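Encoded as structure tokens, here's the structure I'll be asking about.
By written order: A, B, C and D. Residues from 1 in each chain.
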């Protein structure tokens, strides 16, 4: 071990010790709820009309963060496309029959799971991001096992429409209720599938956007920029 | 009533919708349409932000825009002050000039992606200037950072790949630190709203966890605000990345990070006195290191890169001092830096076989004068204010050090100026539009402190701070 | 307490990798480990002893854990994977130009006058 | 200390050990796999900390997709760390 490594370890141990100590003394593990948390726990169901508070915060209270977050994903996609452009299409290899049949059975099931997760995002754990990742992994499985390519333009259009929909719902809120992302639809009954106003719609748009963006990223990572 | 229309969220929402539609623009009209849409958007946003800046002056604590209609601190708010709105206007203005400049750049492919990245860099930094929520600030920081990575690596050259990967690693570590800082702050104060955090912190005081939080925020924003030793990525990026992108880095991501630090340090933490000395010294070291390094550079763009780090150091000193005079200085130095360095980078990108272009000599002179904070440039007032602030606070050692290294700066800038002024090259007519426009703006800015009515602008920028400690 | 230490250890080990390793892929793996640690830290800060998940259930009324850090971490996870993808794309670009992903070798090649304004 | 608590501590210890192995191994492939495992363990800890939403996201994104991205990158840049 060289001196540099030892110094690095010392630094790391100091970092862990100091931060853990000050956290434990000032914000003990399992401490009482903060002011913000208390408010959310008491009022979320009333104000947004959905039982999953995390979804309520992600889509409604902090919906703007989420808009920024899908923008970050878009940026990753743009960056990967810019750095690893996809120039030539390779010939599709003939896949092994076991893989072929396997993927035909598994692929729709994974897709279905993804769709279920996003539609129930405001009632049960899960939502747009989780579903987006699940759907993207289904497509990734498809590409890996059949070593084929998907029509990325279709994904780009899906993503573009979904993202624009999200942003425009936000802008519509300015005119409908005086605030960006204002929930201008009726909230319905708690625990119903059709409830929460714009929240399920926005989460489905997020799911579409995230899934197509992640698929694009992964396929460019696989093959993009190979021939130069 | 009509003023209500100047809602910055409208600007952000529409810009995002237009960026998201980029594949559609491309399908409809190719990259020409993508370019045209972006130019229109930037011009519109520049004008719109002027309106927002005017609207912000009507509110003594800054204009608070609730998002989603929830009352703060429970929903996200934008907290628009005059200062932030002015810097945001400059971002869109420089973005407009950059994309005009980029219209002659044919090697940036795929072009629609390039324009989308430029838009998002401007949008991300604009969001950092406007937001009033600590986690939202983090999200915008990441938007800015990823757009910067993408643009920085976009040319797919040897130099850009090398410069970008260093930048990415540093910025990624910084973002992890930012999240730890947010965890500490949220755990202790139980809020993410800046104004609310400021109020809560007054009752809690600067405990150990808060000191750690400040330090981690410093690391988090220091990379993009170019604070020593977190700025080592910058000279390479400034050397290899296209000049129109660099102009946007200087006005966008670097200023936005400095402004974020201003918001955290002055507004949320209220300039904790026991850490003041350390911060000042970090700024001084940044300045001194940058000027010494710049002196020994053989490439003009690298020298400019280091000079830009030096300016960032000065801005950091001014912000950290956090008194009225110092903040005025920071405001002027930021604008000065945006204008002068952008002019010089636009010109530096066109130095060819025959040396510097001869048809943009006046902008060249202006750029150099601005880079050393000399009249007719507002940076002159900025530096005067900074010296006054340091003298008033009794930091004489720092006063002398800054004066000393300013002389170093003037020395090497003079050297470069002499060698560049002799150039007989020629700059593309479309390209020369950008530095000429910036020169006009900076000339107009010089008169700012002379006209009483306009001098008030400076007071407007500082007023929210004096009244409520709000930036 | 143990959760804090575990989360911070992950961050620390990630930092260690960044500080000492030269292989760019390895450095990014380190950053992704640190990201996991940061997420764990944020969730631990919001934990309430004896709380349940912040999802309302019919006829159940128990104290809940803090939902805010969970929302923040959802955002942070997605941002993490986005930056990781972009960084990996740049690493692949580095490999294409330099034929290696060892940072010290890359620096040596750049210093060797090899990468003037190429 | 209940059984669950004990298991959680074991998991955390395992996680840190895996992180150290991932940091020190020369084989990038195994480092990547270990980082995927760490994400998986972290997502289990999220379940214990009553964060099912985040656990799902971490398992789907942190463990699966990040790992896939790292593996694609390793496939294209080489498996062994030189020093």
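As a convention for this text, a contact is a pair of C-beta atoms (placed from the backbone, for glycine too) under 8 Å apart; a residue touches a chain by one contact, two chains touch by 3 or more.
Source: prediction; values computed, not measured.
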Original post:
Quick check: more C-beta contact pairs in A-B or B-C?
Top reply: A-B
Subject >> Approximate Å spacing (C-alpha centroids) for the pair chain B, chain C >> reply: 26
Original post:
How many angstrom lie between the CA centroids of chain A and chain D, rounded to a whole number?
Top reply: 19
**OP:** Round to the nearest whole Å and give the separation of the Cα centres of chain A and chain C.
**Re:** 16
Original post:
Which chain A residues sit where two or more other chains touch them?
Top reply: 19, 23, 27, 31, 34, 36-37, 40, 52, 54, 61-62, 65, 69, 72, 75-76, 79, 83, 125, 129, 214, 217, 221
Original post:
Hey, what residues on chain C touch two or more of the other chains?
Top reply: 2-3, 9, 11, 13-16, 24, 28, 35, 44-45, 47, 53-55, 64, 68, 70, 72, 74-75, 77-79, 81-83, 85-86, 88-93, 96
Original post:
Can you list the chain B residues in contact with two or more other chains?
Top reply: 135, 139, 142, 146, 149-150, 153, 156, 180, 186-187, 192
Original post:
What chain pairs are in touch here?
Top reply: A-B, A-C, A-D, B-C, C-D
Original post:
Across the complex, what residues on chain C touch chain A?
Top reply: 1-5, 8-9, 11-13, 15-16, 19-20, 44-49, 53-58, 63-64, 66-68, 70-72, 74-75, 77-79, 81-83, 85-86, 88-90, 92-93, 96
**OP:** Using the touch definition up top, name the residues of chain D that touch chain A in the complex.
**Re:** 51-57, 60-61, 64-65, 68-69, 72-73
**OP:** Would you tell me which residues of chain C are touching chain D in their complex?
**Re:** 2-3, 6, 9-10, 13-14, 16-17, 21-26, 28-30, 32-33, 35-36, 39-40, 43-44, 47, 51-55, 64-65, 70, 73-74, 77-78, 80-81, 84-85, 88, 91-92, 95, 100-102, 104
Subject >> Footprint of chain A on chain B - complex, ascending >> reply: 7, 9-10, 12-14, 16-17, 19-24, 65-70, 73-76, 109-110, 113-114, 116-117, 120, 127, 135-136, 139-140, 142-143, 146-147, 149-150, 153-154, 156, 180, 184, 186-192, 207-209, 212
Subject >> Of chain A, residues touching chain D in the complex >> reply: 52, 54-55, 117, 125-127, 129-130, 133-134, 136-137, 140, 214, 217-218, 221-222
